[in-house]
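In the two assemblies presented below, chain A is common to both, partnered first by chain B and then by chain C.
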Partner chain A sequence: MLSDWSWLDTWIVVTAALAAMSCALPGTWLLLRRQSLLGDAISHSVLPGIVLAYLLIDQLEHAGVVTRETALLIRHPCLFAGAAVTGVLSGWLSELLSRIGRLDAGAALGVVYTSMFAAGLLLIRLAADRAHIDPGCVLYGNLETIVTDTWGTTGIPRAAIMNGALLLLNLLLLLMFFKELTVSVFDPAMAVSIGIPADRVQQALLACTGATVVASFESVGSILVIAMLVVPPACAVLLTERLSRVCWYAAVIAAASALGGHLAALIVPELTRRVFNWPELGDATTAGMMAIAAGCLFLLAWICSPHDGLIRQYRDRWRLQRRIVEEDLLGILYRRGSLLHEVSFAADLGQLMKQPPRKLQPVLDRLCRAGALNLQGGGYTLTAIGMRQAESLVRSHRLWESYLAEHFELSDRQLHNSAEQFEHFLNPQLRETLAEELRQPQQDPHGATIPPANPPASQS
Partner chain B sequence: MSPWMRALLLQDYNTRVVLLGTIFLGMSSGMVGTLMLLRRRALVGDVASHAALPGVGFAYLIMERIHPGSGKWFPGLLTGAAISAGLGLLCSRGFARIRRIREDAALAITLSLFFGCGVVLFTMIQGLPSGQSAGLNEFVFGKAAALLQADVQLLAVASLIVLVTCVALEKEFALLCFDEDFASVNGYPVARLDLLLTLLVIGVTVLGMQSVGLLLVVAMLVIPAAAASYWSERLRTRQFLSMLIGGASAGLGVLISAAVPKFAAGAVIVLAGTALFVISLLFGRTGGIVWRLREQWNFRQQIGLEDLLRTCFEVLESRGPATGPSDWLSELPISKAELEAARDWVSGRLPYLLHVACYQGLLRYDAQGNLRLTSSGRRRAILAVRTHRLWERYLIEHAAETPETVDRRADRTEHLLRADAVEELEALLPQIERPMPVPTSPHETAASESSLLPRPLLKAEDQHAQ
Partner chain C sequence: MSVVPPVSSTAAVPAEMSSPPVESPAGELPLKVHDLTVAYHRQPVLWNLDCQVSSGSLVAIVGPNGAGKSTFLKAILDLVPRAAGEVEFFGRPYREVRQRVAYVPQRASVDWDFPVTAADVVAMGLYGKLGWFRPVTRQARRQALDALERVGLAEFAQRQIRQLSGGQQQRVFLARALVQEADLYLMDEPFAGVDAATERTIVQLLQTLRAVGKTGMVVHHDLQTVREYFSHVLLLNTRVIAAGPVETVFTEENLRRTYQGRLSLLDQVGHQLTLAERMPRS
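Let's turn to the complex of A and B:
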């Protein structure tokens, strides 16, 4: 598997990484502008451009306008130009369509690029006897063979040079126009008012994306281009909040997915063959594996993101739940204590909280460790610290009830239910604001005494 | 018999079968597409079709594993496709719920992830001895011309289910599309309706994949619906039209590709739909470009006429009233040169407007070649000037405009003021004398500046009015 890693593999990874990185830079802005599917449209609509350019050169050669050698020489740039033209045309047309035709932007994209792709397929079929264009190549890319096409005697693949040049260009443009791009993404109106032509920035971005997509899709295929335009920036957005960092992170993630993709392409098929004992299974393309690798990185970012990650979300939710249970326990102890002056047993508390005692036990232990509870002969009483915490909670509860009772006509039950939820979310300032607005009430609507505000020292 | 005649007269049994199947498909996708377009989720179909690819690959591999040689069993492949399309849409929902990932990004991520999976599986399958002839590529590029009778039966049943569901749940779907919150407040099971609609999309996509190919099946969902949106604003009509357009483009595509063997049916179906779309975009009755341009043209012409008549009035007014407020308007001749000087006309605009005004009987040439207002022209001129000056005064009074700048400002809005607005203006400006048909201008008119007549008369009147 990895033991026969060769220069070819290195070049595959380098070419793919350069392509992916050059896509990720304009992709960041597409993502922020909510135009992620534009890449999809562009990469589908390069097909007719390529076929037309191919047929044009073929015709010229047949008509004797250019010699066979010249045709070979100019074929590549011409295909590139044709693809770029139709690619940008599709973006431009769909924007025009959604503006003049008043069509939903997504639908406009859908209409334009499917039509152009269909036209491309038709052209291929019409020219099938003269041109040998495999639409599959356009879709899936041809990374494994393209790296053998080297530049002169240097041994550097032509595609690597092309993608590297595009990456440099994108980088240069990004550094030059970072401010303009930023302003026109986040506040187009302000951009116009400070003299940045937002619509021209949009068109330049479109052209840039078009050129990048065209340069990379011949090495990695049109589908992978979409993956590289959108997925690395999406990962980066999950990992950081600073825009400048988003760009760098996206580029790094793109390169990582190129490496991961190629490794997976080497390892996974071999592994599958062994595990399922199915030796006939073919090899996997690096391009497809890169898309999967990028997707996996995205899933990873989603799980581990410091701001919106699943882990973070579950941790926050779990902590909140624990706090609510703790506070409820303290509240119950306070109310029982203030009525009966007796210790409470875990079983009784469980009954009141409608939770099995064994679930309550860790919470009780934690409260004991925090010094809020005292364990006395199997039962619990509030300590001074616990008393203060419970007092502020009950104060929140009863103040909120009084506030609701003053402003709304609600039944006692409704008052209580609302307060049961809100007591956990009233911070000290809000609590005292409520008390002031209610002119420091002594009793809540049910007639229970509202505990006095704690001295400020205890609130810290 | 030429191939065209053979195709058009449905001589081939095969053509008839394919035609029927794709028309069913076109109709049902048109129906569902309208709803998806209204929900602004037109491209969900694209994601569903791309996401179906790994399902096809997995289904093939599993079936080959269980019983070598059975990998091409069609219902199995379709089931795999449907399951994986469903998973894909579920995935994109999940991604879209992440705070900083918008819906478009979620769709693009899902699409590329699943399609990447599909491509990997397909390349692995190609190594298998049976993989080369598996015909799995037909899922990517379509094989409408090779539909079998069994496929058509499947398509017919599925389309019937889709159509019946859409008709039966018309009200519920309409609510879902136009006001989801209202629907949910009224106790409609919004989540379940949404799921049902998504299932319909998946069904149409998966069935469409085998005839037009997964890359183009989204066109069947988007293009007829988009085309129908230019013809009607009523949902029911739109759905019906979208169904018709979908069926028509499918039929046209199949017939053309039957007549010209080189044309792949899938691509031709899409391009036929595109042609119908372009026609709708141009000539559609609601929002079609031609109609909109015509309305704009008419409006501009009306603005021009009002400007012309107002200029005529001002030219006459600058000579001073002869006898009464309305008589002098039709008595005096106006020369073209005066009109030319009184206003900055875009070159060529004045002769055109004069031509239109004469044609509409607002102005006429007298024996000396001068212009005179006709009675209807006089009425329209008074109305235009009245509106203009009332609006000017209103702006001066309530919008802090100065008499120097108000003329231009008023020019922009006065043409939009209707009779009831003018009445309201009169009520708001009580200091204007009622019997007077035309209030005086708050500033010197261009015509009065260029006029050679003595000014004092006008000035005196101005002061009197203020």
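Let's turn to the complex of A and C:
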């Protein structure tokens, strides 16, 4: 477990983090274009190119045209070239399909990339005995073995250098073209009208995505590439509403999934063996665990998101309900007070609100603390502050009833029920617009007096 | 504004009108379109369109759905390919005078969930002037805030754009066009689905711009307000039906011809031709 952490583990995490971060940056823009799965399409459609390039070098080496050292040296550039050729070819093919066949762009892409991926897998199967390409590797990568393939005597894995270079390139391009990318993705038509070639900027973005995908492919596999293109940016947009921060957050989350993924890969198999006595699980790959870690981070972001999160939603709903109960209480006290001029007891209020007094008690306490209610001899009366709030509410209620009565044929009960809801949502401005439109009425349809408007300062 | 009626539309009343050019030297019309034709999948969307807009006019582009109003704006700005025709802005091709033209696309054409603030969107109007590789300057931000203030959205500058109402979003777009400090403003349905306050703001701004010699072309749907808001009108239904000052051109007769769905004889022949071309050759 963690006690035998070695430099190998460090390199696995670093390589994975670099790959994940380099994917997260272009992934952010694909997400903002609402085309996240374009990365998926690219990563699949380049497979035949990669396999062909791999086989070609293998053949050349076997035939003795190139030495083993040269083969190692030219392998990456060749894989890139193969991927680039098939990437461009698929892009061109899907465009051709959508234009000539009048297919929807998404459908054309789907047709092309699945066919390309199938062709790639077929090539792998056909060449399985001649080259050591494992379909599993293509899907899940082989992070654990790739870190032992180091660059010369430096001890740095080739893959880490490769992914690092791509990350650096993406960062540099992002910093240089942030403005152009933003406007090209947000409003391409306007971008073109001010002289920024939006389609070329977007093509460059796709080219970058392609290069990044190919570079990360070998270390983390095609499935994880998709996960890292989509999930960290998806978390980031939940956490912030500032574009520049979305990019940085996505990169940090990607790195965190790499670390989390490797830790999980080390800990989880051991844990399942000990806890569930379940030896079959054997070991887990870091790449697979990274996808799970990213998924967990997304879940966390979804729950805690400051603007859309589950917690925020529940809190908002709960606060709204509390406000409605508070306002209803003030309204009842106002209406009773104007009739009886006496204190109200929690039990009576509970009956009127159709709620048990025990549930009402915290609300009453809160209103007392806010200075809206006075506690006298076990009963409650409105203070001046409470009176003003209640007047605003009752004014909303009766104005809304008047408005409805003027425009629709409704029974008193229908009028009242609608007003019971709308009274909580009329802001001072809307309220006064209503009053103006009704020519400042003094009485509602039932003949009750509409309280006068408060001076604006006291309505907050 | 003057319009050469297309040769083929036999029923078109020749509308030869022009308002005195303001500020701009003669021969430098903000917009001059000759024989513009646009087609999607061989189906013509705009045919032989000719029009000239003189400085200081506010032109409403009016026509039924599918008349090619938005396409007209996009085609003159090189956003969609033209099958034929010449377009000149201020006597030059568009790419030479970009800075003098501001385009406001339809509000629904962009994703308002995009993680940017109102001020960020307005600053985009300055990206062209700032140039490549340059960050958004402090002065640009200042200008963006000023523009937001002009459209009454100063307090919403740091709001994420999703949190704005439809009318406010439209005003953000307007502010973005304002910072471009253009001489010609092309707007695609700025009044669609906006509140009364926004409509007033837009109209007042257009009048202010006109008062200082700027020109505006606005795709407009509300026939009730054309007379009140605009000085000129371009009635469009695949072809130019009529164009010129609202007093003379915005007539019931012209509107009827714009909105009636009936095709002229030539249109029908053209339609048959396109159909025949698409038939499989046996």
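In the analysis below, the second predicted complex is superposed on the first by the 409 of 460 C-alpha atoms of A that agree within 3 Å, B and C clash if a C-alpha of one lies under 4 Å from a C-alpha of the other, contacts with A are read in each partner's own complex, and residues count from 1 in each chain.
One rule holds for everything that comes next: contacts are C-beta pairs under 8 Å (C-beta built on N, C-alpha and C of every residue); 3 or more make two chains touch, one makes a residue touch a chain.
All values reported here derive from a predicted model rather than from experimental measurement.
Both complexes share chain A, so when I overlay them there, do chain B and chain C fit or clash?
After superposition on chain A, chain B vs chain C: clash.
Taking the superposition on A as described, I'd like to know which of chain B and chain C A:F425 touches: first, second, both or neither.
A:F425 sits against neither chain B nor chain C.
Check the residue A:A291 against both partner chains and state whether it touches chain B (first), chain C (second), both, or neither.
Touch status of A:A291: first partner only.
Check whether A:I196 is in contact with chain B, with chain C, with both or with neither, and answer first, second, both or neither.
Only chain C is touched by A:I196; chain B is not.
A:V237 contacts which: chain B (first), chain C (second), both, neither?
Once the two structures are laid over each other on A, A:V237 reaches both partners.
By residue count, which of the two partners contacts chain A more extensively, chain B or chain C?
B
A:W151 in the overlay: touching chain B, chain C, both, or neither? Say first, second, both or neither.
neither
If you stack the two complexes on chain A, which partner ends up touching A:Q35: first (chain B), second (chain C), both, or neither?
Touch status of A:Q35: first partner only.
So, A:W5: does it touch chain B (first), chain C (second), both, or neither?
Neither chain B nor chain C is touched by A:W5.
Does the superposition put A:F408 against chain B (first), chain C (second), both, or neither?
neither
Please work out whether A:W318 is in contact with chain B alone, chain C alone, both, or neither, and reply first, second, both or neither.
A:W318 contacts neither chain B nor chain C.
Choose the clashing stretch of chain B with respect to chain C from the list 26-34, 80-88, 386-394 or 440-448.
Residues of chain B that clash with chain C lie in 386-394.
Under the contact definition given at the top, report the residues of chain A touching chain B in one complex and chain C in the other.
34, 102, 237, 307
Report the residues of chain C in contact with chain A in the complex, numbered from low to high.
The contact residues of chain C facing chain A are 41, 74, 77-79, 95, 98, 101-105, 109-111, 114-117, 120-121, 124-125, 127-128, 130, 132-136, 160, 176, 180.
Quick check: in the complex, which residue numbers of chain A touch chain C?
Chain A residues touching chain C: 32, 34, 102, 176-180, 182-183, 185-187, 189-196, 237, 240-243, 246, 307.
Using the touch definition from the top, list the residues of chain B that touch chain A in their complex.
That would be residues 37, 40-43, 46, 50, 65, 95, 98-102, 104-105, 107-109, 111-113, 115-120, 123-129, 131, 137, 140-141, 215-216, 218-219, 221-223, 225-226, 229-230, 262-264, 266-268, 270-271, 274, 277, 281, 287, 289 of chain B.
Could you list, by residue number, the parts of chain A that touch chain B in their complex?
By the definition above, chain A touches chain B via 31, 34-37, 39-40, 44, 97, 100-104, 106-111, 114-115, 117-119, 121-122, 125-126, 128, 135-136, 139-140, 221, 223-224, 226-227, 229-231, 234, 237-238, 265, 268-269, 272, 276, 278, 280-285, 287-292, 294-295, 298, 302, 307-308.
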